[in-house]
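Before we start, here is the structure in question, set down as structure tokens.
Labels A, B and C are assigned to the chains in the order they are written; within every chain, residues are numbered from 1.
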Amino acid sequence: MNVLSTKTQDEPKLLAPEELTNPTWSSRLTEVVTAAISTRGLRRLGVALGVYVVCLGLFALLVLSQKANPFGVFNSIFQSALFSNGSIPEVILRAVPIVLAALAVSVPARAGLVNVGGEGQLIMGAVAATGVGVYLGNSVPGFIGWICMGVAGFGAGAVWGGLAGLLRVLVNANEAVTTLLLNFIANDTMLYLLYQPWKDPTGGGQPESRPLSSHEVLPRLFGSSINLGVIIAMVAALVVWYLLKRSGWGFALRVVGGNQQAASRAGLPVNRLRISSMAVGGGLAGLGGMLYLAGTQLQLLPGGTATYGYIAFLAAFLGRHDPFKVVLAGLLFAAIAVSAPGLQLSYGLDGNVVDALLAFIVVAPLVLSSRRKGAF
Amino acid sequence: MNGFEQALTTGIEGGTIILYPALGELIGERAGVVNLGMEGCMLAGALSAFAVGAITGSAWLGVLAGIGGGAVVGLAHAWLVVKRHADQLASGLVLWFLALGLTSVLGANYVSQTVTPLPVINVTGLSAIPWIGPIFFEHDSLVYISYFLVPLIGWALYRTRIGLVLRATGERPEVVSVAGRRPELVQMGAVVLGAALAGIGGAQLSVGYVDNWFDDMTNGYGFIAVAVVLFAAWRPWLVMIGAYLFGVALAAAGVLQAHGIEVNQYVLDALPYFVTLVALVALGRSGGSRAPEGLTKALTNSS
Amino acid sequence: MKRKLNHWSRRLRLTSLAVLAVALSGLPIASVASGATTEPWAKATTVGFITVGANTDEGYNEAVYSASLKVASDLHVKVLRAANVPETQQVTTVMQQMVDDGAKIIFATSYGYQSYAYAFAKSHPKILVLHQGGTYTSKFPANLGTYFGEAYDPVSLGGMAAGSVTKTNKLGFVYAFPIPQTVDNVDAFELGAQKIDPKAVTYTVATSEWCDPLKQKSAATALISEGADVLTQHQDCQSTVIEAAKAAKVYVVGYHYDAQSLDPSGWLTGSEWNWAPLYESIIKTAQAGKFTGSKYNANFIGTFASGDNPLQLAPFGHAVTSAVKTKILAAEAKLKAGGSIFTGPIYCNNGKLLVPAGKVATPAAINQFTCFVKGVVG
């Protein structure tokens, strides 16, 4: 704790553990190379590789049990996720809600809080954005519409996440469970709106909201199917990275996450920090819901979030709450989701087989938990 | 039978499906391990029970298989979190996805088939008691077993040496270590036992209550079980009440509508979750929800 | 020195993002409609079918699956199938993959696929997209069609069977959500029952899930305890309700498929899908290059009257007496001759007039029904 008292908040980056042990990047490189060459490093690498091979081997067994060729299946996953027509933009678009909902896990994690509510926060973000978007319609220029919808989405997610933070602080209700409960409530809220007051009167009775007006839809970029939402999500990821690694707020969160008593003795507003981490996290997921709505779905539909909130929790874990790695993990999971149809069409596998694949990929770092270096 | 009685009767039958995994979660959490993958354990239990029940024609063999199915998933969780020190919540969620995928693939041939269910047994004498009888004593045997299981778990937790060791493991594993016990083994045992109970919950769903298998048929009830334990502040009797409350709320949705009482179906659906949330707040206010210390650590993200 | 490291790592990260952005800018652009006069799907040899549930559900999805098998053998086309596809963006990915694998005609068979199917049709003018649901209300693009059947025709006949056996005059109906097709089915069931038993009342329970066995069982139990002695349902999976009826020894009217084997003593009759003739007719029309502007390039509703209803009356169970059978078959003949169960006067259960006396509701109007008729509780 003497570290805490000697360093001021102006230079929080001094505290990042990897930086404490590795003074310069060049010496760090030397160290990594040496470690890799040393037998211990090689053994570690070997174990990590071995665990991944075993996990993928288990998946291959499952595939074999369905009378399909595992090599063909792995090939098909690569083909349909990376090389088929339009698959890369599809993966990136799909990653938008996953990445933002994963960051929604990572921000509170800094403060030692567990947000399992990405699903509900995505939903509430999309719901609020729909309400605002449909209400505004053509009355304002597009970019004002995007801002209003974005603010509404972020705000609704922030309320949903912040509520769990508030309950934690006020009555010590565990946020892992309250966020879980709020997921179900969010889903019922959305269903109610879609089947009753918000049902599109011209939709032939389908449970769907009125579509957003065409200029409220996020524009596509570079002539591809990638839309502005992808850029916004990237910016959001960068902002989160900055907040967590560079800002005083991020530093304070880490102190709270490290030792709450010490944080409060150091004069930090612990309760406010914890609530704000949940609110910002929820807001990010809410923004993800809004971007997915305004960029991809274009109208609120039941089940649109498709367990992305839970997948995001795993992405945050796989990326070890490091914003940059979380983005990569989100892209990986999106790619797996996009590869599912190829497995069905070419190999007749059950569509839900990708749930198993996703799980096998995350099980590996779980197995390697006590050897964290080799995980991801 | 009037609607009120009906809601309670169906509530207990359906609540039992939540009660088993909730008791399992309670045991694991008392030992300091949270299992968010109860949903996966239930799915594994439900499919194993249904498949074996359908093949052998015996629902009881199915229940045994359900115990095994749940325990296998629990063993994976126990190994990951106890032996490999993996993140408990991530491990639970991963095993949920794994079980969801595996049961959907492996269970495809059982979808929509039927099985000879566990018979409903009217307890001689007791079922004749007005009001109480039909509500509590006209169910399948797994419901009756749960009546004994709740006090049994309560007794074992508070009155036996093994219960003491289990609770101590959840609070201060180092003390257990010093006392010459192996906290790791205790935790593994607790998690596997808990998951096996969740497997019974799955079996109660597939071969006890609805006599069918569908992929993802647990529909979030395993997550409810986790919430119920928190609601109950880790006490077996309150777990029972919480599970039944959920079951009754689910049943009430049907009973009210069938009775022609105008209700908003979405509000009714959200009601159990909302009630649990409110109960958590109320319990928290009264200071009644002190978690096992080891669990508090497990539920805190350390990044 | 630390500053330098951070600067470097930040640069690395920004650079990777920039590389990503550049990579994106070179991505292929969605294809543009060609001005060709022949329809691009003429002579199509590959057809895709997408279903929301399992091929083995012995219900809505298996009906599509078996029809797709028949299509493959009858028309000698290659059939691509994707089952268990949720009503999410995943539908779009599946359709794209099918196109990549050579499909020119795609059947998206779940009700909730509508908006995905329509968006896909708009962005892929060379692909023929068909949505099973028949509730599209805007102007049809040349490459979009929707289709369904007058499901309520056979459902009303099932209602007659229910009305003939009920002793309590109470019937139970388990459904998921009050979408128009469900409302139509509930109404037709009650109106059919009233033909035999004017005092028949249909009690309804909504489960808010298309397939949640636990809720279905609770709903069925609640209806039975309310006194209902005939159950029917509009869910994606029906065996739970049938099992519940069997356990309580009440009668059951099926939906989706003939499930008499599950409960031989309680089974009255039901509705069963027979999609193959309609699929084959649509595919042949498309292969001949005559889809655009055809009856399928619109909301096509197959009816008993036109002889192309994909939903048929399922076989009768033992509990239906021959006198009742005669009545039901007579009613079926009347429907086939152009009659309708929705012949006025019909009142909503809130007293509002739904169909005026002497008028017959059009399929389009029926697809907009939101109220339960008099005699329905719920």
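What we mean here is this: contacts are C-beta pairs under 8 Å (C-beta built on N, C-alpha and C of every residue); 3 or more make two chains touch, one makes a residue touch a chain.
As the structure is a prediction and not an experimental result, all values here were calculated from the model.
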Required minimum of steps from chain B to chain C, each step between chains that touch: 1
Chain of greatest Cα-centre distance to chain B: C
Centre-of-Cα separation between chain C and chain A, whole angstrom: 34
Chain centre separation in whole Å, for chain B relative to chain A (CA means): 29
Multi-partner residues of chain B (at least 2 other chains): 104, 108, 215, 266, 269
Sequence positions of chain C contacting 2 or more other chains: 54, 84, 208
Residues within chain A bordering two or more other chains: 188, 191, 195, 350, 352
Complex interface listing, chain C residues touching chain B: 54-59, 62, 84, 172, 203-209, 211-219, 221-223, 225-226, 228, 237, 239-240, 243-244, 247, 262, 377-378
Touching residues (chain side chain B, partner chain C) in the complex: 1, 3, 6-7, 10, 14, 17, 104, 108-109, 111-114, 117, 120, 205, 209-212, 214-215, 217, 219, 221, 250-251, 253-255, 257-260, 265-266, 269
Chain C to chain A touching residues, read off their complex: 1-2, 4-6, 8-9, 13, 17, 21, 23-30, 48, 54, 80-90, 92-94, 96-101, 111-112, 114-115, 119, 133, 135-138, 177-181, 208, 367-368, 370
List of chain B residues in touch with chain A within their complex: 34, 36, 80, 84-87, 89-91, 93-98, 100-102, 104-106, 108, 215, 220, 223, 226-227, 230, 264, 266-267, 269-270, 273-274, 276-277, 280-281, 283-285, 289, 291, 299-303
Partner chain C, residues of chain A touching it in the complex: 13-14, 19, 23-25, 28, 80, 84-90, 92-94, 188, 191, 195, 202-208, 221-226, 230-231, 234, 238, 241, 296-299, 301-306, 324, 337-338, 340-342, 344-346, 348, 350-352
